[in-house]
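Contents: one structure, followed by commentary.
Naming follows writing order (A, B, C and D), and every chain is counted from residue 1.
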Amino acid sequence: MKGISRITIIGIIIVILIIAGVAYYMMLQTQAPAKEVIVIGVTDKVTDIDPANAYDFYTWEVLNNIMEGLTKYKPGTTEITMGIAESYTVSDDGLTWTFKLRKNLKFADGTPCKAQDVVRSIKRVMEIQGDPSWLVTSFVDDVVALDDYTVQFKLKHAVSYFLALLATPPYFPVHPNYKPHEIDSDQTAGGVGPYMIKEWKRNELLVLEENPNYYGEKPKTKRIVIKFYQSSSALRLALESGEIDIAWRTLSPQDIEGLRGKKGISVLEVPGAAIRYIILNTQMDPTSSKLVRQALAAAIDRKDICKRVYLDTWVPLYSLIPNGMWSHEDVFKKKYGEGPNLDLAKSLLKQAGYSESNKLHIELWYTPTHYGDTEADLATVLKEQWEATGMIEVTIKSEEWGAYVDDARKGVFMASLFGWYPDYIDPDDYTTPFLDSRANSWTGSGYSNDEVDSLLDQASTSTDINTRTNLYKQVQTILADDVPIIPLIQGKLFIAYKSDIKGIVLDPVMLFRYYLVYRG
Amino acid sequence: MGKLANYLVVRSLLAIPTILVLVTLVFILMRLTGDPIAAMVGMKAPPEVIAELRHKAGLDLPIHEQYIRYITGVFTGDLGKTLLYDRPVIKDILDHFPATLELTIYSFIISVLIGVFTGTVAAINQGKFEDVLMRFYGIFTYAIFIPWFGLLLQMVFGNWLGIIPIGGRLSAYISPPPFITGLYTIDSLLTGRLDAFFDALRHLIGPSFTLGIVLSGSYTRIVRANLVDILSQDFITAARARGLRDSLVIKHALKNALIPVITLMGLEFAILLTGAVLTETTFSWNGLGSYLVDMIRNSDYIAVQGTVVFFAIFVSIISVIVDALYAIIDPRIRY
Amino acid sequence: MKSRILGVFKMRGGGFLAAGLIIVITIILLSLLADVITPYSPIKRVGDSFIPPSWEHPFGTNKLGMDMFARIVYGGRTVLSVVILATILSMSIGTALGLISGYVGGKLDRGLSFIMDSIYVFPSLILAIAITAVLGPNIINAIIAIGIIYIPTYFRMVRGQTLQIKASLFIEAARSIGADSLRIMVKYILPNLLPTILVVFSMNAADAILTEAGLAFLGYSVPPPTPDWGFELQVGVNYILSGYWWLIFFPGLMVTLLAMGFALIGEGLTDILNPREVT
Amino acid sequence: MDGEVALYTEDLGVRYYIQRGVVKALDDVNFRLYKASLTGVVGESGCGKSTLGRAIIRVLPPNGEITSGRIIYNGVNIVELSEEEMRKLRGREIGLVMQDPMTSLDPLMSVKDHLLETILEHIEVSRDEALKMAEEALSSVGLSRELLKSYPHQLSGGQRQRVAIALATVLKPKILIADEPTTALDVIVQKKVLDLIEDLMRELSLTVMLITHDIALAAERADYIGVMYAGHLVEYGRVDQVIEDPQHPYTQLLLKSVPDIENISMVQSIPGLPPDLVNPPPGCRFHPRCPYKMDICIREEPKMIEVGEGHYVACLLRRR
């Protein structure tokens, strides 16, 4: 049967030629993006383009570019300035806040935006009770429009960081098109921001275009295209091949390493506000013993973690309040040394009654995907570090995010890995949710300390920054002694971009402002 | 033709109990998980909010009522709303499904072409070196671990040679063609968007060859076995004895050998979907497989339930289509 | 010409079987003797990160500086124990159910067959992920999940054969001398099923290996730092662009080799035990 | 001697390769077909008679091959022809009708397509002319042209065998090999099909090789008879020579096993079984079953010797 093979060989050759031809043709197709457009790639997802329910970092970033609140952060700083409000007054008891709106506010389609819109939007958030609604409902008793340009808040209690809260999306005014009583996930009408949404394909692309009715300065680039990728590698390759101009969240450590020093590509690095830590259960044996918790804290080598797990894309953190934020103090470094302090750890363990033959058994929990794919490595390295004392044996366990959060709240974890992105930039957001016994039930640490509770109360209502700084320092010192939580590391932000892109401003607020970038 | 229609209706009705069993299985499985609501709200939400959401999702109802509600939903096309985004599950599924369909169609074509070719070469050289080689090919591809093969392709052709993209369905600078079928290659041709067509095709090369080659092994085996059987039959000898060219003889044999292969395609399709989950994950292909994995990771059990049910229905529909195809192609079948 | 046809005909079956056995036995030996073969612990740092393959580290080192060769040979233990236990689970349950269903017949048979067929047509990996996601990712649950999804494979085959054997004369004879049902099933039918079970077992083991690796790849098998091939590959995804090919190549190769080993055994056994093809 | 030889074989040998070893399916076969006559080849199943037929048209199964000897047709050794040259001979010069009409047609093709395909493969005619030829071929085997559109499963067994004969003779070949063409048919249809073959033989002056296990049938229809046993041709001659004066003990036993209408109780069956051709017995392959076995039969392989004019036998008893 020889006839067949000749035909099939010819067939195969033809197929190969076609594939090769098409591939070649398509390689020629790779073209540079147009000039007035900047393409940004991300691996994050936009969940709901609705401030009433969006409660993740990346969606907040998008919302910050298409909407604006009464206040906003000054780019490059953590300083609060006025947004769509011109000015404000606050009553002496700190409970009544009155804001004057700018006069010329319009939504992207020309609909005017008045005080009533602000009130409607905030009340909508309170009614829908979406995930971030607590940022309003925990503080605001009522909000009213005194006239077209005046908004007045009545608070439940004095809040020293209320202006920072106002800069979060739940307080942003939204277009009347948003469904009044329910979540409107794919609504593209937007708010009063420098950009408006031109096109939206979930998980594929988001096209933003200059809002012609924006009151403020025009964006430097007319159109921003955001492409959604599923892996860091794909994102990196897209930048290298010229598909995108900017590779933003989140490049993996090895891809950042790989992009550094590539011709025509720049990598910008700034400190971030994300922190990682271990929660210890103070109600469960053996971590109920303070000595054990202190020993665990002493044995940790944060530099090794940063280097091996994160290839130095994170930095060591010795307190819950991040490096660079006011009131931050390296309390763990002071108490346990830079680490690993194995001698201290061993002697603490001996005091607690453990030895090489009678080992301390620790169950360490992590969740595999929520914090990126380095999580298993983090758990592995922690196991290695703790076991280096020779007196600890660690079992690693994991659960998917849903069950993980659930079980953490139930307090069934002995030691668990968590992370925190701030809601608002204030030390309060880094202390109260973790240490205040009335707010920290989600951690499952079971930690309760009356002294800490009262210190935090004072700090959150006081308006004097020196008083507050002092109070937070005391809280941190107690934290390092009680160790319900071991702070580990603090993130850095990385953004890789083609070298002709200018105007990239990143700050600890971690929001990337698209309207400032341009092609130089 | 009326008879065929009857046959199809009866055959489709027979698929319903199968779907019911799977739906029930999935329902039971999913109710065994921890609290799915916690997954959605994250760690900062207060208990009242959680209770409210449990109520909204119907989780506070007795289990049998939840079941009845669910089954009714399935048969009326309502698969509930995702916990994560509060979107109708069916909408999410239909958003992601075209990507999976496009991938599976191309993979299917590739696997059948390669499988028929290798199987034929093996069968007509039965017992010779080519046969052993092709059988080995069948076994090897059967055993290939999809992510491995996909990553190697990405590494060699995507990174080193730079010929193919390493993931995704379309380049960033190409805007997707207008939605008609959701299959980029088809939509772009229908709207004359040649740039999008070639770009989509380029993105299809990696994943569809990965899945296609891995699955071709099964076809090699099936085609070979059937063809060996057919080739030993009298009508093939008779055809050769009439002096027909080998290519014609093989055409006779192949036609007959491929008919049983069609019935196996239904089953193969389930394997194809399994492979699609891994291929999509490996190639960042935003299809139903990635969606499922994503939703499992988020413990969005309503979305998982819906997707699994959709897969079950899809597999059943495919098997009905395969049966119909079989009935139409083979003149011997009287339905 | 003459000798060529002859030679290949002779090596058919036997050749596949021998090749398969060599691969599988080698891998089993490697993992059993892991402690002897490599001086390194699979879960401890032994050197710098990302060392390419060398004499000292034949498969290189990974991000945390662990020896990849050690992780691969120890990882074989994980894979093999999951797969062997899982296939034994599905084999015993599937065979028992198939035997009873085929022998007893009637409503029980129809009901069981129906459920089994429904599971059988469903994409197996998807079902396995769903089961492990529900039960929680650990080694026991991976075994259970893989065990469950392959029950129908054995069930269908055993049931079919039982129906055939049940109708044959010697069963009639056994019944006429007063053997009870259990005795007939265990003493008369089961031994006749063994060759086929053996073939299905080896083909199924290949499937189970791929499913286990798939589960591990998606993060649903053993927790780290326990080495597991599929999981290594999941980690490897990050290194496509970094050129750390050894982190991808070796773990996947092992999965494919082991699965191929079992598939070769299955193919060889099919040729030898069963002149007709089993597809 | 009457008649001209149309085709003959010289020391033809065929081997099959199976897992167990090598099957010596044909050994040293010297066989001939006379022009425009009917030669019957008889023997028990597995004796190699079908293999002989298939070897002549060179369509052995994939694991079989001609390992020795020659097949001379028109002065050419067709064993040495290339596959393409041989292909042109098949159907055009030598036709084959197979045993089971149920399986010898492609179930997915209509009768018309079968015929057209065969015609167009060999001669350059238009489709219309080919169609005309197809219709003629059908009517020459006594079938109506309505059946052209039918598929094999719609035909009766007899109709199918007629179609098969039409297919084998549509190009008017010189030689027709009919391999048990009637075994699968009932008695009445059997006779009609055989009559048809005889008619065609006269009409087209065909040379027919009729392979059958039924020696009575061969005696009735054939002009010449070859008797085969275990891969050997043991006796060959004109029908009257072989039937009236069988020289080989096997032929004699075969003839005795034919049921006689008058004396049915006299039927004898041949004791023993045909040998395993992977390991055939030494010497004469028939010796284990031969009533006249001699010591030499175990050691020496008998050669064909001529015992009468054109009457050959391979038996040591007949050695002069």
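In this section, contacts are C-beta pairs under 8 Å (C-beta built on N, C-alpha and C of every residue); 3 or more make two chains touch, one makes a residue touch a chain.
Because the structure is predicted, anything quoted here is derived from the model rather than measured.
Enquirer: Per the definition at the top, count C-beta pairs in contact and tell me whether B-D or A-C has more.
Expert: So, comparing the two chain pairs, more contacts are at B-D.
Enquirer: Please name the chain that ends up farthest from chain B once chain centres are defined by their CA atoms averaged.
Expert: It is D whose centre lies farthest from that of chain B.
Enquirer: Quick check on this structure: which chain has its C-alpha centroid closest to the centroid of all protein C-alpha atoms?
Expert: B
Enquirer: Which integer distance in Å separates the CA centroid of chain A from that of chain D?
Expert: Distance between chain centres: 87 Å.
Enquirer: Per the centroid of Cα atoms for each chain, what is the distance between chain B and chain D, given in Å?
Expert: Here chain B and chain D have centroids separated by 52 Å.
Enquirer: Starting from the mean Cα coordinates of chain A and chain C, work out the distance between those two points in Å.
Expert: 43
Enquirer: Could you list the positions in chain B whose residues touch two or more of the other chains?
Expert: Answer for chain B, listing residues that touch two or more other chains: 33, 124, 127, 154, 158-159, 166, 245-246, 296, 299.
Enquirer: For chain D, give me the residues that contact two or more of the other chains.
Expert: In chain D, residues 17, 63, 83 touch at least two other chains, as defined above.
Enquirer: Of all the residues in chain A, which ones touch at least 2 other chains?
Expert: Each of 2, 231, 233, 237, 368-369, 400, 403 in chain A touches at least two other chains.
Enquirer: Where on chain B does chain D make contact in their complex?
Expert: 124, 126-127, 231-235, 237-246, 248, 252, 255-256, 259, 330-332
Enquirer: For the complex, give me every residue of chain B touching chain C.
Expert: For this pair, the touching residues of chain B are 17-18, 21-22, 25-26, 29-30, 32-33, 127-129, 131-132, 135, 139-140, 142-149, 151-152, 154-155, 158-159, 166, 221-222, 224-225, 228-229, 264, 266-267, 270-271, 273-274, 277-278, 281-282, 292-293, 296, 299, 304, 308, 311-312, 315-316, 319.
Enquirer: Residue numbers of chain C touching chain A in their complex, please.
Expert: 43-45, 49, 63-65, 133, 136-138, 219, 223-225, 231, 234-235, 237-242, 244
Enquirer: Using the touch rule from the top, collect the residues of chain A that touch chain B in their complex.
Expert: Spelled out, the residues of chain A in touch with chain B are 1-5, 7-8, 19, 22-23, 25-27, 29-31, 33, 39, 41, 47-48, 53, 55, 129, 131, 133-134, 183, 185-186, 199, 201-205, 225, 227, 229-231, 233-234, 237-238, 241, 243-244, 368-370, 400-403, 405-409, 418, 423, 433, 442-443.
Enquirer: List the residues on chain D that touch chain B in their complex, please.
Expert: Listed in rising order, the residues are 17, 54, 57, 59, 61-63, 83, 87-92, 95-96, 98-100, 103-109, 117-118, 121-122, 151, 153, 164, 167-168.
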